[in-house]
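In the two complexes below, chain A is the common chain; its partner is chain B in one and chain C in the other.
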Partner chain A sequence: MPNRRPSDLETPVAGGGLLHRRALLGGTIAAAGALSAAQAQDPIGLGSPLTMTRPGAGFSGYGAPAEWAQGIRRLTPPASARPGTGSSRTPLEALEGVITPSGLHFERHHNGVPAIDAAKHELLIHGLVKRPLSFDLDSLRRYPMVSAMRFIECAGNSGGLTGETIAPTATAASLHGLVSNSEWTGVPLSILLEEAGVDPSARWLLAEGADAAGMSRSVPLWKAMDDAVVALFQNGEPIRPEQGFPMRLLLPGFQGNANVKWLRRLKVTREATYTRDETSRYSLLMADGTTRVFPLELGVKSLILKPSPGLTLRGPGVYEISGIAWSGAGRIRAVEVSADGGRSWAKAALDGPAAAKALTRFRMPWRWDGSPLTLLSRAIDETGARQPTRTAWKAQFAPGQSYNYNAINAWAVDQAGLLRGVHAT
Partner chain B sequence: MPNRRPSDLETPVAGGGLLHRRALLGGTIAAAGALSAAQAQDPIGLGSPLTMTRPGAGFSGYGAPAEWAQGIRRLTPPASARPGTGSSRTPLEALEGVITPSGLHFERHHNGVPAIDAAKHELLIHGLVKRPLSFDLDSLRRYPMVSAMRFIECAGNSGGLTGETIAPTATAASLHGLVSNSEWTGVPLSILLEEAGVDPSARWLLAEGADAAGMSRSVPLWKAMDDAVVALFQNGEPIRPEQGFPMRLLLPGFQGNANVKWLRRLKVTREATYTRDETSRYSLLMADGTTRVFPLELGVKSLILKPSPGLTLRGPGVYEISGIAWSGAGRIRAVEVSADGGRSWAKAALDGPAAAKALTRFRMPWRWDGSPLTLLSRAIDETGARQPTRTAWKAQFAPGQSYNYNAINAWAVDQAGLLRGVHAT
Partner chain C sequence: MRPELVLALLASVTLGSATFAQNLGKPATPAAMAASDISIGPDGAGLPPGSGSVAEGARIYAAKCVVCHGPDGAGAPGDRLTGGVGTLKSERPVRTVASFWPYATTVFDYTRRAMPLTTPQSLTNDEVYAVTAYMLSIDGIVAKNARLDAASLPQVVMPNQVGIVSWEPKLRRR
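On to the complex of A and B.
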């Protein structure tokens, strides 16, 4: 690949080779092959590919990925005595844009994926309500719906980075693959609660799943009346079994497991229930020895995916840096990138229109000169919240507390173009 | 299901029972079941579902739809002597939101799906350029990319409605299922053309696919330099085989087959090429006997999916009307719905943020009183273009011309709650 000289188009905007976005316009990548004069004169004479000489395959009712892409799979856990307990991770660095195909959405199960008979499944709303109600799938489908792009992230995502060592083989997926993004469609929970008639003394709900873990989380009533949804569809089609078929509670921006899958009941309560799943896990042990309970809203976060470990740079030249940013509090306002370990930063371009509480793709042109350096990204959301450094993040918590990790991520690039995760902030 | 009286929340906004959108807020649907006093006191004592008593299934590398949803498939053509020629249709009325799962994206092939070896596939850019270039998949992946939601619609979609009769069994999918919507990611074509150096005399491109039909279309240079993309990813993952793997030309808002799949070359030319695929088909025979060539940009269009034929109304009461709208010219500005055959209209709510040249979901509450009526929708795009009536649409063209059909669609509802397609405008 030709290593061309920097052109006029390449205005540096920060150290380490970050370029102005007009560097994207023409002539700076030059990864193409040139054709010989003979080829250029008659490129068609080179011969048609075989695929043009015989009919191709016919139609299918439900398509599948290209064979070439069949290595793009969730990172599943090793075989164990409890095969349905653990998580599988989204292969983030193999994907582009912001939608996670439903087949690659991360999984986190506490006792496997239940095989629910949709015809028999009911959602109960009971507790402090005037009219306890039950909803089957058919009746829920009759209600008004709303669709929105939303991320779901496990509260344990990226938690390994609280430790001192990072495995040299760690990838974006293995470190951060417990976040995915879908278009979710369902019935606003506020409609169902108003039909049931919530008692004025109520402040919380208990949400319970129909899985063998009986996953149970307390949800503040304000959230239930705000943007919570009983989701029936994921990326256009009925929600997938491992995402809660036939219905899951969707709490945009909240800790993943509060988005209770296989939702079977919502009990309206005065106080939070302090279930096993929110006391033994998913609470935050603070530096002063206290516990912060119900740390439900996830922080602002970002991650460079191109390049990232496993995607080796093929020599000096111009590349696009791109990645994803998200916040539990709303829209991403900006993402800044550093290619010199944090000494200087420049603002990335964002693909739009970006939805609130959804992954947002950022992009930035970059000329790598072949020297070792460290790539960082930091996001700012519409509330003005910024991603903390790892040091500042850790200072809040007791040693070993690893939930809700959202510190700035760092990839070191060596002179061979290999990347690996490092602690740099 | 209780048929409750209209509540205070129900302000009519047009004839036939169309309601103000605040009717969505509480108590008007009442499709839920009430619990008995004993049940309400101890709904949990009703017994846990079996799924809570035994561990569920484990993890998978690539998930699949729920068994319950496996009837949601593309409408494939009957077996024929040319199994790869024809189309399969997206089951629009079984989907929600705006994303079409990649496995359900409509297909239109002129000689089947070629099995392309991605490692050997090359895209040539040649013709009136300074530097003829070839790009393999690896080099294209190095270039800057852009992601956007975009619809693709076959120019032949809905064309059957130009005829006088509509089969009583026709559904939204069978009439209109040649439109789908994905997040497409790829390299802006302008970057590749600038690298090749387009001759100032050039005005057109010829785009050719590597399929056995050698699908070839002429593309105006202004479009190639505007928002055209060489798409490599669809809904996050590598583009599916039946959508053009490893790469397709994406021309947002243009006739479907101009978005050439399995793209193998782009020849920069002075004039349009007038290929077989744009003269024998996809041109418009006008009422005055002339032919309109290159009618590439598709018009503004909308379609009610809930309710629609096959989705029977279950008695009088409140329902949500919802559907999809799109325009080849840009964003959808508004969608109006009529429940009285076009005598009165009211504006629907739009799910947002809506992207340009992408499906947009509209929603409207509606109290059906049980009497026969006709449901219509009409969209207006950001250029101010409105969907024509069928009469006005047909008046432009010679009899039998059925490409680029975008007239107002009508569903008749009978007193049993059954729907069917009719000509009403």
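On to the complex of A and C.
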């Protein structure tokens, strides 16, 4: 009932129509329509939906989305001469909650998805260890496992926003769709490294995938011993091929590229290997001309998804603003929303207890009066880190540096209820 | 305490912590490790025997690389590899292998493991040394008559080696 009158539940908390969080809980009861008097002799089926009058479909070995929802697809790149390089994006604004369905998790491949025979695949741990070891999938599945919700975000996500122009057709997915969130299950890497016996002089690992790019990244040993996991399962099922089947390295909160897929080798080393994907890529060229390598931990970030471009507002009334927030450093402590371009802010409600290094859903009630305005969100994580303005973010870096972008995002709403991405901070 | 009892206690402690130790990894053989260890450290660790010259590299580049990376590594449709040296502090930095990559060993490692895109890992070690030498010669990082091998490649000083700042210690301190 978008046009009902403001009630006591709707206490304004900031400009632009933001309302107190309690408005989320105070539901309105829809007026019951008048019941039509049925003929006493008629079977009730005459007045029921067709689905209640005939048996439904049978069982299926693997369920599929509802026909209605089959338009919810990853944004795939146009056909190219190099089809295995590039990325597909999660349709963030078409999803709710925080779990990304496995088939909609973003993809970033550097030379295609390898077809790996799990029966032959092995993970080698060698280098500065007492006992070089090789693990097959069956062996790894016998180890004690841990499960946790974790986001994975490509370090290049949202990087297009470092440019001055934003395409009028840009959406949350096209701008920010290189972040996804799953329950990942696997073997703590520390257990495997302890069995191999890491030499005291070791400080790094080289992680390598079995794909046609031989994707390789250096991982600090402390991270490997902290919360790193050799992940075998995603959202309860074996990891999908495009996410690294049969196993991927999971480094919670680190640049997505370091979460090496199709993991085949971990070499324990004294120094970092300085691979191509941590020097020429996924490193940060600073304003002073120096290059910051290993900026692995991703910053605190948030994004309004509802509403966002493509989800047009249907006239003035009450809406729920909602979106996602995350931080590579830990839990989200708070998310603030502004509906007046940043002049005033109010704290949003967070769904459930926020999980560390995982997406957290935030919600904010809002009465839109039909006038043009700009919606922003900014997150704060448990370390106290705050999402920067775009101006502050850009000031650190050389022109054209676009990795690890986490500045405040802005959507402009016009009088027709259409949204588009803008630079507002 | 009797020595036997101490031993028994030690054994139980060991067993207690060993409940997590499945020890299901198979010992890796030296041959298996040698076959799969393809990464090259910035100090040259892991570089194979063999060598290649700029002239040989120019021929291989013309046959296998130019289609993506263009004449003299100028790029399009693939990544630009050359030029831009000295631009990183400017208003319009140009990042290429020559101007941006800090270690020449990375050029060998990446070319050998991932290039050419359609037939990765098809070049011989001699060919990878040669292509690396040719690429670096375009910007004068090595001489036009250079020949690179496991001893000389790690000695190559890349223009941006001085500009590298590791951010990893910042993470570790927190």
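We take it that the second predicted complex is superposed on the first by the 401 of 425 C-alpha atoms of A that agree within 3 Å, B and C clash if a C-alpha of one lies under 4 Å from a C-alpha of the other, contacts with A are read in each partner's own complex, and residues count from 1 in each chain.
As a convention for this text, a residue touches a chain if its C-beta (ideal position, glycine included) is under 8 Å from a C-beta of that chain, and two chains touch if they have at least 3 such contacts.
Every value quoted in this text rests on a predicted model; they were computed, and no experiment measured them.
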Touching partner for A:Val293 - first (chain B), second (chain C), both, neither: second
Touching partner for A:Glu93 - first (chain B), second (chain C), both, neither: neither
Which of chain B and chain C A:Leu192 touches, first, second, both or neither: both
Chain B versus chain C as contact partner of A:Thr275, first or second or both or neither: second
Partner chain(s) touched by A:His109 [first = chain B, second = chain C, both, neither]: first
Which superposed partner A:Ser134 touches (first chain B, second chain C, both, neither): both
Touch count on chain A, higher of chain B and chain C: B
First (chain B), second (chain C), both or neither touched by A:Pro399: second
First, second, both or neither for A:Glu336, with chain B first and chain C second: neither
Which superposed partner A:Pro144 touches (first chain B, second chain C, both, neither): both
Doubly contacted chain A residues - partners chain C and chain B: 82, 85, 111, 124-126, 131-136, 139-140, 142-144, 191-192, 194-196, 212, 214, 264-265
Interface residues, chain C side, partner chain A - complex: 20-28, 32-33, 36-43, 77, 88-89, 91-93, 95, 97, 100-103, 105-106, 109-110, 113-114, 117, 120-121, 160, 163-168, 171-172, 174
Chain A to chain C touching residues, read off their complex: 81-82, 85, 110-111, 124-126, 131-136, 139-140, 142-144, 191-192, 194-196, 206, 208, 212-214, 216, 220, 222-223, 264-265, 267, 269, 271-276, 279-280, 284-286, 288-297, 329, 383, 398-400
